[in-house]
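Naming follows writing order (A, B, C, D, E and F), and every chain is counted from residue 1.
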Amino acid sequence: MSGFDWSVGLAALVLAPFVGGLLRGIDRKLTARMQGRIGPPIWQQFYDFFKLIGKARAATTKGSLVWIWGYLLLTMLTVFMLFAQQDLLIIFFILAFAGACLAFGAFSVRSPYSQIGAHREIMQMLSYEPILLLAVVAIFLQTGTFKVSGIFEYGQPLLFTLPLAFVAVLIALTIKLRKSPFDISASEHAHQELVRGVYTEYSGRFLALIELTHWYELVLILAFVALFWAQPLWVGVLLALAVYFLELIVDNVEARLQWNWMLSISWAAGVGLILLNIIMIEMFFGNVLRL
Amino acid sequence: MGLVAKARVKSPWIVHYCCSSCNGCDIEILACLTPLYDVERFGVLNIGNPKHADLLVVTGPVNKRNVRVLENIYNQMPAPKLVMAVGACACTGGVFHNCYNILGGIDKVIPVNVYVPGCAARPEAIIDGVVLALDKLSKIK
Amino acid sequence: MPWMMPNILKNLFSSPATRKYPFETRQYWAGARGQLQIDLARCVFCGLCQRICPAQAITQYGNKKDPDVTIDYNPFACIYCARCAEKCPSGAIYIHESHAVPADRKITYGRNDISLSKGELS
Amino acid sequence: MSRITFPFGPQHPVLPEGIQLSLTCEDEKVVEVRPVIGYMHRGIEKAAERNPYPNNVFLCERICGICSFIHALSYCQLVEELMKVEVPPRARYLRVVWSELSRMHSHLLWLGLLADSFGFESLFMQCWRARETVLDILEMTTGQRVIQSSCIVGGVRRDINADQARQVREMLNKVKTEIDAVLPVFQKDYTIKARTVGKGVLPKGQAWTLGAVGPMLRASGWAWDCRSLGYAAYGELGFEPVVENGGDSYARTMVRARELVQSYELVLRALDSMPEGELAVKVKGAPPAGEAIMRTEQPRGELFEYARGNGTQQLERLKIRTPTFANLPALLAMLPGCEIADVPVIVLSIDPCIACTER
Amino acid sequence: MTYFMNEIAVDKGALGLTVQQLLDENCRLATTVCLDQGDYFEVLYYFHRDLDLVTLRVKVGKDEELPSISGLHLPAALIENEMKEFFGINITDIAIDFQGRMLLTEASLQKPMLKNNANRMEG
Amino acid sequence: MAGDTLIAILILLPMATAAAGLAVKDQLRRPLIIIPSAVLIAASLMLLFQVLEHGPLTFTPAPAWGSVILVLELALLAYFVYLGVVRRHVLVLGLGGLQFALFCLFKFAWLPSGFKAQPALHVDLLAVVLGLVISVVGALIVIYGLNYMDNHERHLKLSATRQHIFFFFLVGFLGAMNGVVFANSLLWLFFFWEITTLCCYHLIRHDLTAEAEQSALRALWMNLFGGVALLTGMTLTYQVSGTLSLLDLTGFGPVGPVLLLPLALFCVAGFTKAAQVPFQSWLLGAMVAPTPVSALLHSATMVKAGVYLVLRLAPAYEGTYLSALLAVFGAFVFMVASLLAISQRISKRVLAYSTIASLGLVVCLAGINTGLAIAAAVALIIFHAVTKGLLFLVVGIMEQGIHSRDIEDMEGLITRLPVISGLAILGMIVMLFVPFGVLFTKWASIQAAATPFSDLYPLAVVFLALGSAAGMVFWVRWIGRLISNVSAADAPPAEPRPEPWRSVSYLVVFSLLAGAVALSALAAPLVSSLINPTVAAMGYSPALDTAGWHLATPYGFFSPWVLFIIIALALLLPVLLVRIRPEEVQPVYLCGENQPATGPTFRSIADQATPAQTGGIYWTRTFGEQSLNTWVNGAGIVLLAALIVGVIV
């Protein structure tokens, strides 16, 4: 790991919250506009964040707070590792640990709403984890390495040969970003049968931590999407932004589905598409490891 | 901390509780969130969970059963918090003043910071109330 | 087929429907029942409004003939049904179209708080 | 099987009103529902025995702010029946206009809330945006948005003049355009169908015996609508109930969607055929000793009122059986066996009005 | 109003039988109305027969028991609970018994709808 | 000490101890078991160094031993037939009889008298790794069993102790296991293999309940089926190649197509022992046995014998159709066992399914058959034995504390039995999350599966991805149930000290946990010093680079100790730094109807206080055995049939 990788990773750690917060702000603004409203200012997420920091401390158990810190720090670790061009498999394993920390935090409070939310959270992980892992495998089949650096060395856009895997990643993205139709464990919107799902029992600065983690997560996921067009990178960034916009549209044209729909869609469609894509690679594009 | 104080005014999250209201004010509060009035311009989110909220919006008079719910929700909100009573009933009991199961306005149970008159309170009045509440928030140190 | 798509795209590319209250105030409809005003100069203190008010928002203190007879009106109890304005024999009660304003305490107009004789409501 | 027991309400983001459903679930499947009500109980029936009978119009309106006009209408018709007062024809037509406008605003509100119950926020916004125009019409013609206070014993308080009628037509056309943009979403959207079709099924026989009324009953295949009784001017406007046969949440949505269009047509028809004349007759005296009942069709179903007079200004007894009260047993029968995620959809599919139920 | 109303005066002992007959004719309960007539209660059962109504009128002494019809017709349970709560009328064997705590709480005025029960003026 | 002495100690000492245990008094049992256990551990370590230093050991005992074994073997086979008769179990009788007949035919009719498979025992690195696992983990579990069985019998209120029988089979089993992994002659292998079957049967039925009897019989007939497969394979091997030595089979790279059928049969035998689909039901039934049995036989050692055989033969079928199908089959088992585990709420059944899944992964890796895959398989065997042994033992202590195996009864156990729950949570984290060894093997296996080892690799990799996500679900939920904060008032009373807290049991658990964590953090040295040489000894080129104590494959990079430090900091710093004052503690959100009392209680119907219950969700309708088993078993049988039929064709 070179010094350059270190500095890029650290820079990402510092910048990601700003980018993520701003993107979330734009998200809320655009959503409002799609609903015919003016919507909040695009800095709204930062206002929310600092307001939450200033609230009185209140908690249900210490355990839940500890896990939330784990959620934040591990997500930060994944962001660092992605930008420092490390092994994608390991990054997604750590991301899974981070996601599990969120579930643990919700589990450690004996509140029905947060516990049902936590169960749904792990169901979400069951839905998106295979897609992410298989997408990494599909990338590997093209680049011959699991390292992010390999994608940059690969030189040509992955999107050409991995179109179906890309679509599958979009499904995982919808789940991970908690957008309709898959916002089942905790919704960005308030009106949900589980109140706020896994976040129900957090308040004040700990909610702010969760918000911060979401910003990191957003950056991580969009950076992963950008990898599908890593050379030149600016196209990848545009691609990621376009995907984010697409997610907003999807969020606004779909009702929330239930977990069994989510599972069957992500497994049947998502995993199926990637499998198809791998077969396509074998049949038409050629597997780099066999060449 | 200046940043926090500034942010506080920009991001009041509300939790709405309907005591024994006739729904008239409730639907007007919801109407405030919808495109034509859109209080999210002021950063208002209807968050639905007292633990996340800064502003408790109450409609309707308190009755003998929901008095404990109201107290509980108020206690679960972390400081700094404000209470807004929307509609004649929430302020004083209104037209239900002589019903046997009614205790009266919600200020008999929890301290109220902003009273919004009207039956039902018009969305404009509610927005005025929110603005007034923000003004009060900015004075909290 | 996402059937909501045309709606949201139309919204996205047209100006928002939001009324920019409080920065722009919309014209009130003629005859809207917004707030109540009692003109004590014209009031004959017959007590009818107090009797017919369904919310007991109007209280008259003292008898018609008393020198310090006055009326107390609580806009926070008023349900704005305008029955008093309809029935008032002397036409001392008016309904205005603009909405009643919120306050941080329950101001009443009349005896206890703001004097009604000013005849002005902000 | 491990059990999860938790309260759903009284303060819950999905429920706008205070009712608690104490749910017991196995996995995510609801196995037991216990309703806890009383969070909205005020004691209006008793208060109505204390007030002079004309004041009760304003009290009854505030039983529920969503169907407030029809509550007032029902009470006025009840007292008119008790006192044998004949209402002028124009008043009867105006009452129909406002009733149907109330129904439109209530149904649009409900469609929005249903959309919100399955997390379709933009659709919620769209429905409520359409609803604002209806509220504008109501405010223009009656003076207030949701609680109109325009019905009194003996007639109505406000008129719709020719100029206003023209404006009403224009605004209604605007509403119609917006409704036409929204209804296909409810009707055809795949995800909405996934959340409503087959959810909360109430078979035809059960719907009747469990006492369901209104769109609940009509969605289960019964052409049963109190407007067929021909109160106010419905008898002259030619009215046919809307019926669907599915008996599930989707069918209920469709009933309300079609009623929305029907109401729009009824308003226009009423405006067209409205006779000139007095707005109200002067009602003298007090309700005589005797009984009367009145049944009207609220957006949520049949409203049943009973009054007993005793010759004084106060009524001896006023009993109000609201539609949600009748629909509750059906709700409790529909919930067990559904998923937790379906609870909001099924609860909303009866269009609960707890303020009505508990008075 | 264009509907028929039949009224039947029923002894409370025969109530169950009459209700069963009505249910067999595919009627259902619309609502019940309870009236405090000084020394006795008058209970009116309104039944829907399609769009028409059938009324049963039952007189119950203040300290007498009234058998519940919720065993025959479950939706009657809610309204019977309400009557029991509001009037203190002793209805026995309600299918779902809220023990007088359906709409009222301990702190509420008990049996509020009785004529001699003073209304509390508050607020 | 000479290598052959060590081998003899490792095989015979446990057997001798077992036999002695039958004779000595109860008071003497502790020293009688603890001292040989220590000797076993020492001997296995010495054997490891010996083999590392001098290369593989071969050893053929005196010919007299051959006759002894033959006699014992015949007795054993006859005993199985006898069991079938007295238990009136048709399958046991049939399979036992078939086995007996086939063995007699083979031994006396087909095999020339005096035939010797030379050498009888061969100890290479793979065998010694397995031997190490058996001896170290096994010995620790046996020591743990001492306290456990005391508690167990106290709980059952037995009048006379049956521990001597229990330890006879448990300790004797260790010798048999060592025999299985050290055997080179298929005849010897078969003998030890049958002994493990016997021990397994007796240990499962130890409690003598009806359920235990039934489960034991099921385990017996399924293992007998495996025995028949092994025997048939052996016969065919001899008919085809004239040899009965494993060295001959694996020593010269891929075998000819004629030998594939016996190899496939050996694999089927391995599958029965390793409880792969569709034979998984015996392992689940076996969970009625006392926990040390589950830990020793059903997770750490005996089931490993099955995958050991598959892995041992891997060089023989490298690059064949059999290999590719094995990979798919193993990955399939990994996926379905993980999915089935989601619906389980009996803790030991969860562990059983997870064991099946891990073994499936080993089979898959053996099928992938590349250097990376084999390295991952060896690593997984080590890590899995340590971690799963640990988890079983922890569950055993928990079970005796709360008298339940139900995960739902473990809700909030962290407040009641903090030490043991903490150990359990750590164990599961070691099992599940990233810097730890099991995850390292998962990382390596996905890489191995993604390299196109055959045309079927997309299927294998998809199964692996789905299975690893499913694994997440049940572990996370289980941890979640443990950490749910039940206040002391709500909790049903647990036995205050189920185990004296500094007891031997805890010592064993602690040392296993320490071992798992240390091995994980030091995965790189482990790979470079043990796993890479093992893989090389099996004839593969080692694919893992361990420079700087990082692990690197040609395709990826993973640094266990760096991540270990970072993640430990990320989780431990908040524990130390986050403080909440008592006045900041708030009740949970219950829609505003909290009852002002301790614990989540809300006021419900008629203002009555109702406790809010938070149960686990098991998605039984989706992942339950009832909805999945038919499909799973059907697919498993189809895959096995494809294996056999494909090999024949």
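Couple of notes before you dig in:
Quick note on the criterion: contacts are C-beta pairs under 8 Å (C-beta built on N, C-alpha and C of every residue); 3 or more make two chains touch, one makes a residue touch a chain.
For clarity, every value in this text was computed on a predicted model and none was experimentally measured.
The chains that touch both chain E and chain F are B, D.
Any chain touching chain D that also touches chain F appears here: A, B, E. Comparing chain pairs A-D and C-D, the larger number of C-beta contacts belongs to A-D. Ranking all chains by how far their C-alpha centres lie from the centre of chain E, first place goes to F. In terms of Cα centroid distance from the overall Cα mean, chain A ranks first. The distance from the centre of chain A to the centre of chain E, with each centre set as the mean of the Cα atoms, comes to 58 Å.
Averaging C-alpha coordinates per chain places the centre of chain B 26 Å away from that of chain D.
Centre-to-centre spacing of chain B and chain C amounts to 20 Å, using the average Cα coordinate of each chain. Contact with two or more other chains is made by residues 2-4, 8, 16-18, 54-55, 79-81 of chain C.
Chain contacts: chain F has residues 586-587, 589-593, 605, 607, 612-614, 616-617, 619 touching two or more partner chains. Residues of chain A in contact with at least two other chains: 32, 34-39, 56-58, 112-113, 115-116, 119, 190-192, 195, 200-201, 203, 252-254. By the definition given earlier, chain contacts exist for A-B, A-C, A-D, A-F, B-C, B-D, B-E, B-F, C-D, D-E, D-F, E-F. Remark: chain A residues 30, 32-39, 249-250, 252-254 touch chain C in the complex. Listed in rising order, the residues of chain B touching chain D in the complex are 15-28, 30-31, 34-36, 46-50, 60-61, 63, 65-66, 69, 73, 94-96, 98-102, 119-120, 122. The touching residues of chain D, when paired with chain A in their complex, are 4-6, 8, 12-14, 28, 115-123, 125-126, 129, 189, 191-192, 194-195, 339-344. Within the complex formed with chain D, the chain C residues making contact are 1-4, 6-8, 17, 29-33, 52, 54-55, 79-83, 86. In the complex of the two chains, the chain F residues touching chain E come out as 605-607.
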